[in-house]
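Look at the two complexes coming up: subunit A is in both, with subunit B in one and subunit C in the other.
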Partner chain A sequence: MTSVIDIKDYTWKYLHTESPALNNIDLSIEEGSFVGIIGPNGAGKTTLAYSMDGLIPGQYNGIKKGTVNVFGKEVESYNKGELQQVVGVVFSDPEAQFTAMTVEDELVFGMENIGLTIQEIRERLEWVTELTGLTDLLLKPPYEISGGQKQRVALAAVLAMKPKLLILDEPTSMLDPVSRKMIFEVLKKLKTDEDSTIVVIEHSLENLIPLADQMILMADGEIILQENTREFFNNSDLLLEKGVYPPGVLYFFHELHRKGLYQGEYPLTVEQGKNLLQQLVK
Partner chain B sequence: MNKTLLGYVPNESPIYAVHPFVKLFFLLIVSLFPMFVTAPDWNIGLMVVIVIFMWISRVNMSTLKIYVPVAISMGTIIFLSYTVLGGTHPEFELLARVAGINFYWERIRDALVVYFRVLPMIFTMVFFLSTSRERDVIVAMRSIKVPFVITYVFAMSLRSAGMVLEDFQIVRQAEKARGFDPAGKSLPYKIRQYVMYMIPLFALSLRRSEEFTNALVARGYAFTGEISKVKRADYILTHYTYKYFDYIFIAMIGLAFVALLVFRYGFGYFQVDQSWLMNLLREVVS
Partner chain C sequence: MTDKKPYIQVIDLDFSYPDGTEALKDINFEVREGEFIALIGQNGSGKTTLSKCLNGLYKPTSGDILVDGLNTKKGSIVQMVKRVGYVFQNPDHQLFNNTCWDEIAYGPRNIELPDEEVKERVEEAIAVVGLPKYTHQEHPFFLSKGLRQRVAIASILALRPKVIIVDEPTTGQDAKQSLEIMNFLRELNQEHGHTIMIITHDMPIVGLYAKRVIAMAQARIMADGLTRDVFTLADVLEKTFLAPPQITQLAQADPTLGFDPGTLTVNEMVDQYLELVQ
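Entry: the complex of A and B
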């Protein structure tokens, strides 16, 4: 598989700060993979996301060392707007991402920016509104809809541009559990139907784990752990040490493991946990 | 009734069948009418016509009361400027002298003329805001080929204004939650304490502008460079087409304006000395 993101010895320090936000990052993300990034606040997750989309160093002042290659090209060598045609970013605050007066205008804005024709826009609009369940909201102002709907609009606006790489920076941090689930339902469809490369920075692990092929733990501007999802959570002691609490089912089996009552792999979902527990009881 | 960033618009209205450009054209042209009319009778007539249009458009008249303080304060300022602050004019007809202030007929007349010129302009604007959603304004501008960047900056300022108002509410609620509530306090106190609102609001605005810029960049928009030269499809405009009645309305508004100019400069109509209302008023005050 080819790498879509290739980061080597990357350090980024914002201007007028004492320590770097990212320190010696080495990261490779393969095409078609679903990567979850977790870590405490201030770990550098958002800075990493911005670095992959060219917002850093484009929009921020700071000192950069190392290389950030996206689709085989250093981010700084892309022309204005060129990188955003292949990398889409969804931010945590949906309200702050809206640039238009109706949901439809919002969805269309990005597509017009990249020069799509009216026919292409119409087709993609139909596809993306169906995928995200926004068909009935097209004429509403984005500031009048619910938080969950807002985030789906923000996601749909980026999806409509059909980026090859989609980065979501805490997309559900402001949402209720039902809305969170709906966002992850959309991501699941993208993973299975579209085979997209997706990077999600998220605290809501119970939704993220079933989808993620690979997990990354960040702390203090560094990548502490990078493994496939199952192996990643076998390091639960390290996660707990870094202030990351695994979902209840995982934590439960971790406690069983610590007490010597269970030796196998940890279950990643409630369903897997239920089956494992049934086997143990038998 | 729907709340927009510009005011309130009806849920359903026959005016929504009209192309947004017609509404913008109405605003731009009809606002000019009072500039060529000095007789208040005609300007009052224009206001009545606009009120009828509002009624036909199903504008909720009760929401219009928010404009009453504007009309009153504007009238007061105009009246005071022309009378109390109008100076001494021995050539004018003195009606009364109160506390050393001269009240001349000509100054009162001029104040009324100015006031009844400005009022229809406000009525026209209110009509436009009460029947146009934000998108209509953008569509109207784009349909007359106003450059995208200008319409977009306009849309962004509308959006930003809305966001600042929302942020203001958040800050106010946060201050209230901490025990700061200026309700019932004196005006000077309120003004002094407004700093407490302004500082967090300013900080929030800075953060918002950063997020907004990031959102624009993330959506592939740039004001300069190759990407800014991409031909935009202007998809929204595909929802709007000119119908035969749009052309009729445009022609009617245009013809009305031409007729006004012809009657004004060709036949000397709409002059203040022909005003029945002003003549009546003069008889009363004299």
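Entry: the complex of A and C
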């Protein structure tokens, strides 16, 4: 497996802050993997995301140590705009990325920018509006739709460019439970059908956990824990100490474990939890 | 829901936007003093529109809303802001002064209270939300989202409304901050007597804090009742595109196991488990 992201001894301090936002980060992400990054606000998650698509150091002033390699090349050595063709970022604040007057133009903007043919743009537009359920909104101004719809437009605009590495910063924070599930179903399709490498920063773990191959816990600018998803949650005491609450089902089994009533693996979904309960309650 | 008199009465409310979009249809409900209500529903179902009707920002297209006996069609802004306060989903949509102090003082000054009383109310609001001293003369935009949200709530509190509507209080907050904000809203509810209405998509939070749930879909109210009961209405939830908290789903997953389908929290689930296996 080749790694898409290779970060070594990486420290980043914004110009006007006292302490570094990221401290001694070592991280590699393999091609085709699905990685979840969690941690309290202020842990450095967004800064890490910006570092992977060259926004840092490109657009921000600060002091950098160490190296950030993306697709085998240091982010600084890419030409302007080149890196953004292979790495797509969906921001947590969708309005921060809108530029156009209609949803349709918003979706087309990125594709035009990377020089796709009109035919290709038409096909992808159809694909992406279908995938994200935006067909009825194409002619509306992105500022007049609801928060959740904005978030879907932001995601669709990035998906349309079919980036090889997709980074999502809290992509569902404004969504209702069903729309949230829908976004994760889109991500699941991308994972299985398109071989995309996907990095998701999320507070809401319920939908993330069943998809993530790997989980990373960040706090105070550092990576505290990086494990395959199931092993990751064996450290639930550490997670709780850092203010991260596992989803209800997993949390329930963790509580049983703490009371000495359960020793096995933690379930990651309601279905797995149900099966375990059926064995335990006779 | 107790025998207290209704503070808000919504009667046959319809609301359409100027472009003809019907945002609210056939809305009827009452809110009593001291309630803690969660307004839930799919994006675009009308939740935010409804709260803007409750505080008189929007006037009904037809039907009436009475707040403490006052019809929102007739109530002046000054009368309304003392009754129902609305905290925006994004605090940045509401904060515009240069210091937190001025931000919180803006409302009381606007309703032309004397300086002395403005000062008193600002200090009270700051104390209730617990804004650290260094923030008082700071520009709100230099604060964290959690603190900005507190400033936004304080600026509403300074108007001393009976009812406080908070639009998505936990969006963008991590788990610890979410619980802090919600505990604070619970305190406002239980110790300061405010009626609280939250708009949220966070079902575990609903399960932990709200006694009553109003579920909306396509401009209508689909269910209104105790949280415990609403979360057991599978068909309604499906229609409203909602799902109960994951722990409630686990309790409902196999009815033969004997868990209460209205289980709302992990602790309730653990207690039942202990009883079942012993």
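Details
Here, the second predicted complex is superposed on the first by the 281 of 282 C-alpha atoms of A that agree within 3 Å, B and C clash if a C-alpha of one lies under 4 Å from a C-alpha of the other, contacts with A are read in each partner's own complex, and residues count from 1 in each chain.
Here, a residue touches a chain if its C-beta (ideal position, glycine included) is under 8 Å from a C-beta of that chain, and two chains touch if they have at least 3 such contacts.
This one's a predicted model, so the numbers in the text were calculated from it and none came from an experiment.
With the two structures aligned on subunit A, subunit B clashes with subunit C.
Judged by the touch definition given at the top, the superposed model places A:Ser146 against subunit C, while subunit B stays out of reach.
By the touch criterion defined above, A:Trp127 lies against neither subunit B nor subunit C after alignment on the C-alpha atoms of chain A.
In the superposition on chain A, contact of A:Asn41 is made with subunit C only, not with subunit B.
With both structures placed on the common chain, the touch criterion links A:Phe71 to neither subunit B nor subunit C. In the superposition on chain A, contact is made by A:Glu82 with subunit B only, not with subunit C.
In the superposed pair of complexes, A:Ala100 makes contact with subunit B only, with no contact to subunit C.
By the touch criterion stated above, A:Phe91 is placed in contact with subunit B alone, subunit C being left untouched. Touching subunit B in their complex are the following residues of subunit A: 50, 53-55, 58-59, 79-82, 84-85, 88-89, 91, 93, 95-102, 104-105, 108-118, 121-122, 125, 141, 143, 157-158, 161.
Per the touch definition, subunit C reaches subunit A in the complex via residues 40-44, 48, 89, 144-146, 168, 171-177, 201-204, 241-243, 245-250, 253-254, 257-258, 266-267, 269-270, 273-274, 276-277. The touching residues of subunit B, counted against subunit A in their complex, run 4, 133-135, 138, 155-156, 158-159, 162-163, 166, 208, 211-222, 224-228, 230-236, 238. Subunit A makes touch with subunit C in their complex at residues 39-42, 92, 145-149, 170, 173-181, 203-204, 206, 243-245, 247-249, 251-252, 255-256, 259, 261, 270-271, 273-274, 277-278, 280-281.
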